[in-house]
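Below, chain A partners chain B and then partners chain C, in two separate complexes.
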Partner chain A sequence: MSSTKNWRSSLRRVNLYATHLLGTKATPVYVMTSIISFILAISITYGAYFIFYTFFAVILFALVLVIISTAARVIDDLNEGIASMILTAGLSRFEYILSWLISTVFYPVIIIALAALIPALVISPGALISYRVGPIGFVPPPLGMLIMTFSEQLYVNTMFALSFGIVYRRKSIAWVIAVMLTIIIPIISPMIGVAIALGMGPSSISYRYTNLVIYFMNFLFNPFYAYLSAYAFDPKDIVLPLLTIGISGVFGLIFTWALIYHAKHSMEA
Partner chain B sequence: MIKYIIIGLFIPAMIVTLTIGIALIRPLEGVSRTTSYGYETIVVTVNNNNETVVALISRPINGYIKDYISSEVYKYYLTITPSYLYSTSIKAYIKDDKVLIIAVPSQPYYGFVVLKPSLGINFLKAINSVKIYESDTSSISNERIPLSIFSKYVDNVEIRIVRIITFEKYTQVRNILPYYAAQFSKYQGMYLTDIVYLAMGNTPAAPTAQSILQVSFERIAMFQTTIHYILGPGPQVILRDIILLSIIVGLLIYDYRRRPDEYYGLRKILRIFKKEEKS
Partner chain C sequence: MTDIIMFRDVVKIYNGVIKALDKASFTIPNKAIAGLLGPNGSGKTTSFKLILGLLKPNEGSIRVFGMDPWWDEVDVRRRIGYLPEKPIYPDVRVYEYLRLVRRIRGASREDVIRLTKMFNIYKYLYSRINSLSRGYLQRLGITQALIGNPELLLLDEPTANLDPSSRREILGLIKDLAKELDITIVVATHILPEMKEIANYIVFINKGRIVEYGPIDILTKRYRVEAYYLIYTDQPRRIASELISEDYVRGVEIVEHGLILRIDSTYSELLEELLSTTYQNMIHGYKLVTGELGELYEKLEKLA
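This part shows the complex of A and B:
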């Protein structure tokens, strides 16, 4: 009974602090999430989610940058001792770091996934699994897979960058990793893919395999890009998409654990 | 936190509800795709009544329509606009002009073909036996053909649009081909049927007769296809939207009762209503 009470009061404290953060330090994340939710909801309601599909790289990069720039302020709090000051107000170390994660990472990931899911579920649930929905003759991947991999990539990228930033207590490391994952690897992987394809000789089959190179360069941390290249390689294949969703999901959980563990330890010191 | 979750849910819910509301008042319509088609095959023959019959057959339209599968909200329609006849005076000599949509595994002829009557009759019979839609040419541009009627054919057989024109029995070449009649003065008084018979034969005049027919009918061989969409929500869509709104409103009431201070704007609106009630 007492442990239930503890959990409840713990949750209440996390809720309070996360709400406070969203209204103060994490406001840019909240604003950015609302803007992107709006764009996503409109494009999916009108069956024109190719708009999202075309600009996904820009949307993803903008989101990751805003999330990292906001969430990395926890590193400042740790370095400057503000975190210790807040901990004296009755918040545990775990609650403190969880509140930060909820307001800066979980909130945008969940709300953006919902902003895409809600119009699809209300207007045409078929879009989640079908290849043929929308007023324009365009055959995109199923929307359900796009939403799942997009949210997962957002989560894994931010968690990976933040966990390294917290381990080394440096914001710049978080920034470098975020830029590497969202910009450098997605740009370099097609270049390497094309280079290998050119090396294989001028046949149409070899160009198809550039998608496989892009897939294997992205499948650990960028499930969205990996899924798109797997879809371009073979739209009916399910092994490659499941592999990237599973492996990057496990990586995401590992980084979450590493982040909480290191943040707790760094507050002990 | 619930406040921020409600805002997050409210954005897509508002967009969906507004769209459904507008679509209920006036279904949103638009054009998805428009293409001009030429005909792949032109078949000229003579029927039992000694009338000239021209069948203009398009190339398959499967690739054009197969991506448009209607969902609960989006309904797709095809409209066909045949090209205008190059001279309005021809209309007086046309006995019958209709457009058919046919579904066939493959068709036996390509290009410009003049068929002997026996073969031609069988060919026209065959076309009529595989039709899935038929309409008069004068009215087809106003008709909306639901794409759902093609769904069982689109992946299996070729879907083609056919225009069949039957000319009056005593149509002369000069009646329908004034420019060509002037050019080929020798043929201008002849009946169209005779030109067709001439084109079927092996005489030295056959190539000229064929070219007259070919050039004249190629000029009408064009039509425009358009795929329209209508966004009209059905009862299931409205029900799902109501469920979604109920969840959001339920969450809002629950959280507002617990922490009314967090909802500054809502509180102010509610106060205005309460004041009005009192007064």
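This part shows the complex of A and C:
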């Protein structure tokens, strides 16, 4: 009874501070998220999938950076002492960190996912689970898988980068990790894939195996890119995509727990 | 009186190198108006942060309201109002910040409005916090600390970096609070005269070590420090000539409206009784002017 009451009070405080952040520090991330959500929803509603597919990587990159730049402001608050002031009002360290994560990471990811899923479900549910022939013969992956891996990558990238930033109390670390995960690894993984294929000899050069290397280099942190590679490897294969979503999802949850645990313990004023 | 704060052999080391508290042990009783006295860097702010559960001690144990402030952080903090030495607020408007604190603490809107009027910051509710002067920032700090009717008020150097008039105002507010609120107040300061008129309990801290703690009247007697009495009278010479022969009187000085009597503080009560009876018709009044805390501090500093 008492435990339930404590949880309720705790959730109430988390909600209060997350709402406060939404109205103050997290505003930029919501402006950005709203614009992108709107574009995604419109492009799906009117069947303009090519907008969706073409700009996915750019949107992802922009979103990760905007979310990181907003979420990493928690590091300023920790370093400057604002966090201590808020804590003395009656928040626990756990509630404080969770409020930041909810307002700057959880909500934007959910909004983006819903903005893509809802119109797709209403207008063309079939596109979520099956692939279809797009313009000029291009066969895009199923929309549902794209949205799922996209949201997952957004979440895993930002959580991973943010956790290191918080533990080391440096925004620059969060930025470097976010850029590494979102840009550097996806760019260099095809090069490595090609290099490995070349190293195996001319007869081994294969578009399919290059994609397999890209898949394995990305499947932990970048499920979206990994899924695209797996799709390129074999559009009908379901094992690799499910493996990607499952492992990245579990990894994301474990990392969320680790982030909250370490952040809580490194939050001595 | 039960102890509201209890430190036992508390050690706090920053970054594995800087020892901020070294086996610190002290208690502060419930409803005391306590001064945490010590020079800059002596460990006062660290002690406050430990009381609030913002820091974890390396060794020793702390109890606040009978709870461990590190593990029972929310239950402890909800009962404490805290004014930090250099409060750093989020860059929002005054009302937004107070609303946040009110909601977290579950206080009523009327309670906050009453406090903002009491501390004269009502007219600044829509100003950005960063635009407030230092004096008004302190008022805001005290206001937010009192939201939710805390049982313990921690004020860390409340008059530091204030101009003389703001300092007087803030001191006046603290004095009023000490009189009106039936709560425990702990003021950390290195400015002794400020505490003289407020505190009834002191904790002396120096270089992270607790030198002495206890009720002021007991400590002043224990260390036989001098007390200074300003006696308002038209017959200073007569009173001076009669009292100078007493053993406990260490000096007499005739001043414009009376005389200053310097005595062994152990005999304060005796002198006050004498002034209220024997000399009642010869004097217009008297007051304890200065000294004993400063002298006590000097004596204790030598012990440290």
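In this text, the second predicted complex is superposed on the first by the 252 of 269 C-alpha atoms of A that agree within 3 Å, B and C clash if a C-alpha of one lies under 4 Å from a C-alpha of the other, contacts with A are read in each partner's own complex, and residues count from 1 in each chain.
Assume a contact is a pair of C-beta atoms (placed from the backbone, for glycine too) under 8 Å apart; a residue touches a chain by one contact, two chains touch by 3 or more.
Computed from a predicted model, the values in this text were never measured in an experiment.
Colleague: When the two structures are superposed on chain A, do chain B and chain C clash or fit side by side?
Modeller: Fit: chain B and chain C sit side by side once superposed on chain A.
Colleague: Applying the document's definition of touch, where does A:Tyr46 land relative to chain B and chain C: first, second, both, or neither?
Modeller: After superposition on chain A, A:Tyr46 lies in contact with chain B alone.
Colleague: Touch check for A:Phe38: first (chain B), second (chain C), both, or neither?
Modeller: first
Colleague: Quick check for you: in the superposed arrangement, does A:Glu80 touch first (chain B), second (chain C), both or neither?
Modeller: The answer is second: A:Glu80 touches chain C but not chain B.
Colleague: Which partner does A:Glu268 contact after superposing on A: first (chain B), second (chain C), both, neither?
Modeller: second
Colleague: Under the stated touch criterion, which partner chain does A:Ala18 make contact with: chain B (first), chain C (second), both, or neither?
Modeller: In the superposition, A:Ala18 contacts chain B only.
Colleague: What is the C-alpha-centre angle with chain A at the apex and chain B, chain C at the ends, nearest 10 degrees?
Modeller: The three centres form an angle at chain A of 150 degrees.
Colleague: Would you sort A:Val239 into first (chain B), second (chain C), both or neither based on which partner it touches?
Modeller: Neither partner.
Colleague: Under the stated touch criterion, which partner chain does A:Tyr107 make contact with: chain B (first), chain C (second), both, or neither?
Modeller: A:Tyr107 sits against chain B, while chain C stays out of touch.
Colleague: In the superposed arrangement, does chain B or chain C reach more residues of chain A?
Modeller: With both complexes superposed on chain A, more residues of chain A are touched by B.
Colleague: Could you look at A:Ile118 and tell me whether it touches chain B, chain C, both or neither (first, second, both, neither)?
Modeller: first
Colleague: Considering only C-alpha atoms, give the closest distance between chain B and chain C in the superposition, rounded to the nearest Å.
Modeller: For chain B and chain C in the superposition, the minimum C-alpha gap reads 13 Å.
Colleague: For the complex, which residues does chain A have touching chain B?
Modeller: For this pair, the touching residues of chain A are 15, 18-19, 22, 30, 33-34, 37-38, 40-42, 45-47, 102, 107, 110-111, 114-116, 118-119, 121-127, 130, 132-139.
Colleague: Over in the complex, which chain C residues touch chain A? Could you list them?
Modeller: Per the stated touch rule, the residues are 49, 52, 54-56, 73-74, 77-78, 80, 82, 84, 86-92, 96, 100-101, 103-105, 144, 148.
Colleague: Name, in rising order, each residue of chain A that touches chain C in their complex.
Modeller: For this pair, the touching residues of chain A are 10, 13, 16-17, 20, 23-25, 77, 80-82, 84-93, 95, 268-269.
Colleague: Where on chain B is chain A touching in the complex?
Modeller: 1, 3-5, 7-9, 11-13, 15-16, 19-20, 30, 32-33, 67-69, 71-74, 227, 229, 231, 233, 237, 240-241, 244
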